[in-house]
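Chain lettering (A, B, C, D, E and F) follows the sequence in which the chains are written, and residue indices restart at 1 in each chain.
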Amino acid sequence: MSTSTISRPSGRTTTQLRPLSIETGYTRHAEGSVLIKAGDTHVLCNASVLEKVPPFLKGKGQGWVTAEYGMLPRSTHTRSDREAARGKQSGRTQEIQRLIGRSLRAVFDMQALGERTLQLDCDVLQADGGTRCASITGAWIAAALAVRTLTGQGLLKASPIKDHVAAVSVGMVDGRPVLDLDYIEDSGCDSDMNIVMTGSGGFVEVQGTAEGQTFDRGALDQLLDLAHAGIGELIAAQREALARAG
Amino acid sequence: MSTSTISRPSGRTTTQLRPLSIETGYTRHAEGSVLIKAGDTHVLCNASVLEKVPPFLKGKGQGWVTAEYGMLPRSTHTRSDREAARGKQSGRTQEIQRLIGRSLRAVFDMQALGERTLQLDCDVLQADGGTRCASITGAWIAAALAVRTLTGQGLLKASPIKDHVAAVSVGMVDGRPVLDLDYIEDSGCDSDMNIVMTGSGGFVEVQGTAEGQTFDRGALDQLLDLAHAGIGELIAAQREALARAG
Amino acid sequence: MSTSTISRPSGRTTTQLRPLSIETGYTRHAEGSVLIKAGDTHVLCNASVLEKVPPFLKGKGQGWVTAEYGMLPRSTHTRSDREAARGKQSGRTQEIQRLIGRSLRAVFDMQALGERTLQLDCDVLQADGGTRCASITGAWIAAALAVRTLTGQGLLKASPIKDHVAAVSVGMVDGRPVLDLDYIEDSGCDSDMNIVMTGSGGFVEVQGTAEGQTFDRGALDQLLDLAHAGIGELIAAQREALARAG
Amino acid sequence: MSTSTISRPSGRTTTQLRPLSIETGYTRHAEGSVLIKAGDTHVLCNASVLEKVPPFLKGKGQGWVTAEYGMLPRSTHTRSDREAARGKQSGRTQEIQRLIGRSLRAVFDMQALGERTLQLDCDVLQADGGTRCASITGAWIAAALAVRTLTGQGLLKASPIKDHVAAVSVGMVDGRPVLDLDYIEDSGCDSDMNIVMTGSGGFVEVQGTAEGQTFDRGALDQLLDLAHAGIGELIAAQREALARAG
Amino acid sequence: MSTSTISRPSGRTTTQLRPLSIETGYTRHAEGSVLIKAGDTHVLCNASVLEKVPPFLKGKGQGWVTAEYGMLPRSTHTRSDREAARGKQSGRTQEIQRLIGRSLRAVFDMQALGERTLQLDCDVLQADGGTRCASITGAWIAAALAVRTLTGQGLLKASPIKDHVAAVSVGMVDGRPVLDLDYIEDSGCDSDMNIVMTGSGGFVEVQGTAEGQTFDRGALDQLLDLAHAGIGELIAAQREALARAG
Amino acid sequence: MSTSTISRPSGRTTTQLRPLSIETGYTRHAEGSVLIKAGDTHVLCNASVLEKVPPFLKGKGQGWVTAEYGMLPRSTHTRSDREAARGKQSGRTQEIQRLIGRSLRAVFDMQALGERTLQLDCDVLQADGGTRCASITGAWIAAALAVRTLTGQGLLKASPIKDHVAAVSVGMVDGRPVLDLDYIEDSGCDSDMNIVMTGSGGFVEVQGTAEGQTFDRGALDQLLDLAHAGIGELIAAQREALARAG
């Protein structure tokens, strides 16, 4: 796919990711901690190791990976209600944290993890679109760091992580496929997809939604191509961040 | 795609939908009422016309379409907790009712609907896989019947419905693409997708999830083809049910 | 009591029940499943066998029978809020499900049931007055079918059911006692009672409420007579439905 | 009915009420405040005048009477959970407060009350059976005192109270009808009824429940006679308490 | 400090407590029961002995002391919502019950109490300011009575209570320090403090809040002196009440 | 007070604050945003301007300042439950956010603020003791930045902020007064206080709690002196941060 020249609000080309920044060890208590910034979307991803499993897995000799997601009230343009104060998580929040959990579980060997839980907390400090994708991409790094902690402590011999997993959004904007939508693009696009893929190119999740108008098979094919390329870059960045973290 | 000959638990071919039954006017109070049966999955879809809109639409001269979803406690193989008694809807329930609402809104002209709400209630009386897809397919018929009620009462001049919408699941079972999974197939498949499409063949929602193992681009393409064919049959059945209803 | 000739909205005499329809095996997963229709009031009664008892009965060698009740949002003339979405059951719902549970327990030998729970779910698909009475009458049949399932599986040797139990409403309408009120009559009556009785004519519950004006002892006596006769017919219908179910 | 000689735990005859004590003006902020003691059952009944009505009555020129009920955690033999801490009222609590509200409304002229709400709070300080009956009997006095406050302030010209209302429990204990059950008798009886009647002898509520075994028509008749006599005494006590209060 | 002559709404001097009344054995089920009245503030304090401890103390051979607090809806000048009906305790309620619990725990030897919980329920029947202080002062007496019950039953050999604890409010009103604020004074003061002290003069809690304007070190010193004197009187009253209770 | 030489876990003297870092403009959407770090305690304080006031202030021509507080689940040594997932805020959370709100309101002129709300969100990214104090100190800076935004937009002519406000903890550790406790010290101290003071040295809040043993008047005096000095340093840092922010 050739680089498009249509102007995007950010000045990016249609095939260009936002500037990506990954800071490991952002907080000190978590077994794995990552602050990931995709442009103005900043998500703190903490991985905690809990030496217990949910009731349905007790005594089965395998582990579990799960996630929770939240947005700080003023991570958004106008302040949102605090979910803890309202007394419940929104449908959107639950949908996203279920997605993060499924995505991470797709690349974990639960037997190799042993009877413990890897709990991922993805908290959005600042939002500018694509928070669920940044959460998945960052959570994988936090999980990898937590696994390092476990192997460093001798609690794990081999890594239970089978592959990378990362996510990116794509969408049709004014009839053209565009990579990694920011908030303005996301609000105005015709349709958008969130694609979750592994390092070996397998799809984990494909979630496409027509916002204004439906999309045809041709558009779908273009969006999938675009996402594939973007996820390759994200996985390279994951690899580099882990290497830097030592 | 040629008809596959692998045996399915139900004896269907891989490209065969479950027997479909659509009973209109199932309950008498709702403006539109449909009992849809896709094999052993039975969903009661009621459409109610409410002469009000949500706060964010007040005074804008346009309408709203929204949905709620529920499963009766013993619609399932083993009894599930009643959500009203537990005091909250599960994440799964919220995810599904958001999906139904988005799917229906995709084919409605909100201006033409006028400042009123079409409220869809999809309640699963008996479940055997694919309840969200049956809900969407049935809800569209209930919505169409409610629109008839409104036009019959002179409250609407023209229908605000722009197109059909229907949904079907597809999945990779033992490495082969299969249409319209029932519960046993759904539990054992490698990956499954729920596809929502319009009568004119546009995608409204594409939701694919790798359960056991990821799926590649080739599998994705096959699944999309299979879904497209299935949805054509479902839309024909919608058309026929509406004709029968008079 | 002689048959009255005053006109009722339904054309029934004052001593006439609504047309009763009982369909057994309505859903396939429940150990006992009944769709009971008393005129336009339709209630799906499912009985589930749970191999556990509430904490206060653990290890006591006896069983438990309990019930939950719900109305589908559009079972009523105008749509009601979904209790699961509101996050709690109304006082009315709790009152009714407690009544159903007490009524069924009155005819069960808990020792003979063994350390298991019979859970009854009464869900109103369509409402036209008298839903709690139809629920009790239908739940008893569902319970009897579930007991058959247990004896068929060899899990029970003898039936723990000691007697039939059924319920009917009666009320003073324009100063005359009337049997089996539908919604219009219920809304306009001076006082109404819900009577729950066994096959041998014992009272299980007597719940009378003055709506518009209080009722005297003479009226009370007439209402009790009327209910007694109606319940006799309902119990005959229960017996017949069980016979038909094989 | 002749006075029975069977021994009751309290030493009362079967037709004897518990010692009744009614203290008016128990708290100073409420428009009407009564501490009623029926033996060891002590209920604080406060009536508040709120110059507003529920939404469904707005602008209709009539008032409303409603009630809430609660038990202090250690009003009972063993401590119960605090409902405010558990985050919800039990089904029993809701059932009782609905009963109190209906009972009081039966003797109020809502037009004469004007567009305001009489809110009754019945809080059990100490429980020994019959708390709902003591609540109704005491709430009527609190309501009457609140009406006096309103007429004293010139806000009401005539009393909207049409009649007395009071309540008592009766039950079959060892095959004999007994008046005004205390906790021990209530726990061990075969069946019990709560009867709510007006000063002119009309029934407002009749709620009979078979606990251990069902009751026949003869028993029912005896229980109703017994309740009628007891309520006469309670209403005389209400009259005297109001006279004393000045 | 000399007795001030400025007029207070109640006619008290600035260093004078409200008339104090302590009635022990107010309810009969609680192991310790006290109705404490500080002027028009009336709080029922019940102490319950529960033969269990919270999960974090299980098997550690020590006990726990905890408290819950509530206000009856019409204990206040205008009726407040019932927390059980609203479905949650307010932040103020939680803050107060945490304070009561901490205050009582400060004078308990948890080893000597043994593996049981002393649960204090402080319910405000009538409020006129200072309800949290009256709750603490009264709860200590209820706790002491419950300990007597335990020693009387031979369940405890020695008392686990190490010292008295009592509480009083003080505040700057029109620039002068005032003891034991009632509701009118509390609403209008510049700043107020709640002081919790033991019999030996140690501080357990010091909670000062500037309402209208901040307070300086000199004012703080005066308030602490005043509270110290007041608490001495309260502890003398506790001692006398226990002696009277026999 | 002379500098103590006892060793603290952090190597600080007893009168030494933790290293303080204040980063303004940490997030971009909030009208005022500050990341404050007191040693290993990191709190993100965002101030939002809402052009509305709570119902009780509507139409009174004055503003409101309020606060919410939260801890990210893995801000702590071991992961805590997410309050949004549990469905309610703990008593501790509510207590802290009420304290922050009161503290800020003490230095605001609500008339000068105009009919709008300043909403402060204090979210703990990493906790090591003293989170409520860091929240207050940081929230004041965020509030001052939000006021700058309002004056910059011409919405305010003069600042409604009358004075600085900051907070610090002090405590008795092994019998000696210590400033600015970190988590280890806080867990092991005999008693601790949180002191909130203005720039002009007035007390806003004084909250002292005996943990292990009570504290006498002499200890209290020493702790207040220590806090006074520490708050002077914090206010100097606030001033400097605002100057740096331009």
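Here is the rule we use: a residue touches a chain if its C-beta (ideal position, glycine included) is under 8 Å from a C-beta of that chain, and two chains touch if they have at least 3 such contacts.
Quantities reported herein were computed from a predicted structural model and do not represent experimental measurements.
S.K.: Starting at chain A, figure out the least number of steps needed to reach chain E through touching chains.
M.R.: So the least number of steps between the two chains is 2.
S.K.: Which option, A-F, A-B or B-C, should count as the same interface as E-F once over half of the contact pairs match?
M.R.: Residue-number overlap above half with E-F among A-F, A-B or B-C: A-B.
S.K.: What whole-number Å value describes the gap between the mean CA coordinates of chain D and chain E?
M.R.: 33
S.K.: When the centre of a chain is set as the mean of its C-alpha atoms, what distance in Å lies between chain C and chain D?
M.R.: Comparing mean C-alpha positions, chain D is 28 Å from chain C.
S.K.: Using CA atom averages as chain centres, what separation in Å is found between chain B and chain E?
M.R.: Distance between chain centres, rounded to whole Å: 60 Å.
S.K.: Which chain A residues sit where two or more other chains touch them?
M.R.: Touching at least two other chains: 87-88.
S.K.: Quick check of your reading of the touch definition: is the inter-chain graph here a line, ring, star, complete or other?
M.R.: Contact pattern: a closed ring, each chain touching exactly two others.
S.K.: Given the complex with chain E, which residues does chain F contribute to the contact?
M.R.: Where chain F meets chain E, its residues are 88, 91-92, 94-95, 97-98, 102, 106, 191, 193, 197-198, 200-210, 213-217, 220, 224.
S.K.: Spell out the part of chain C that touches chain B in their complex, as residue ranges.
M.R.: 27-30, 33, 40, 42, 44, 46, 48, 50, 68, 70, 72-79, 82-85, 87-89, 93, 119, 121, 123, 125-127
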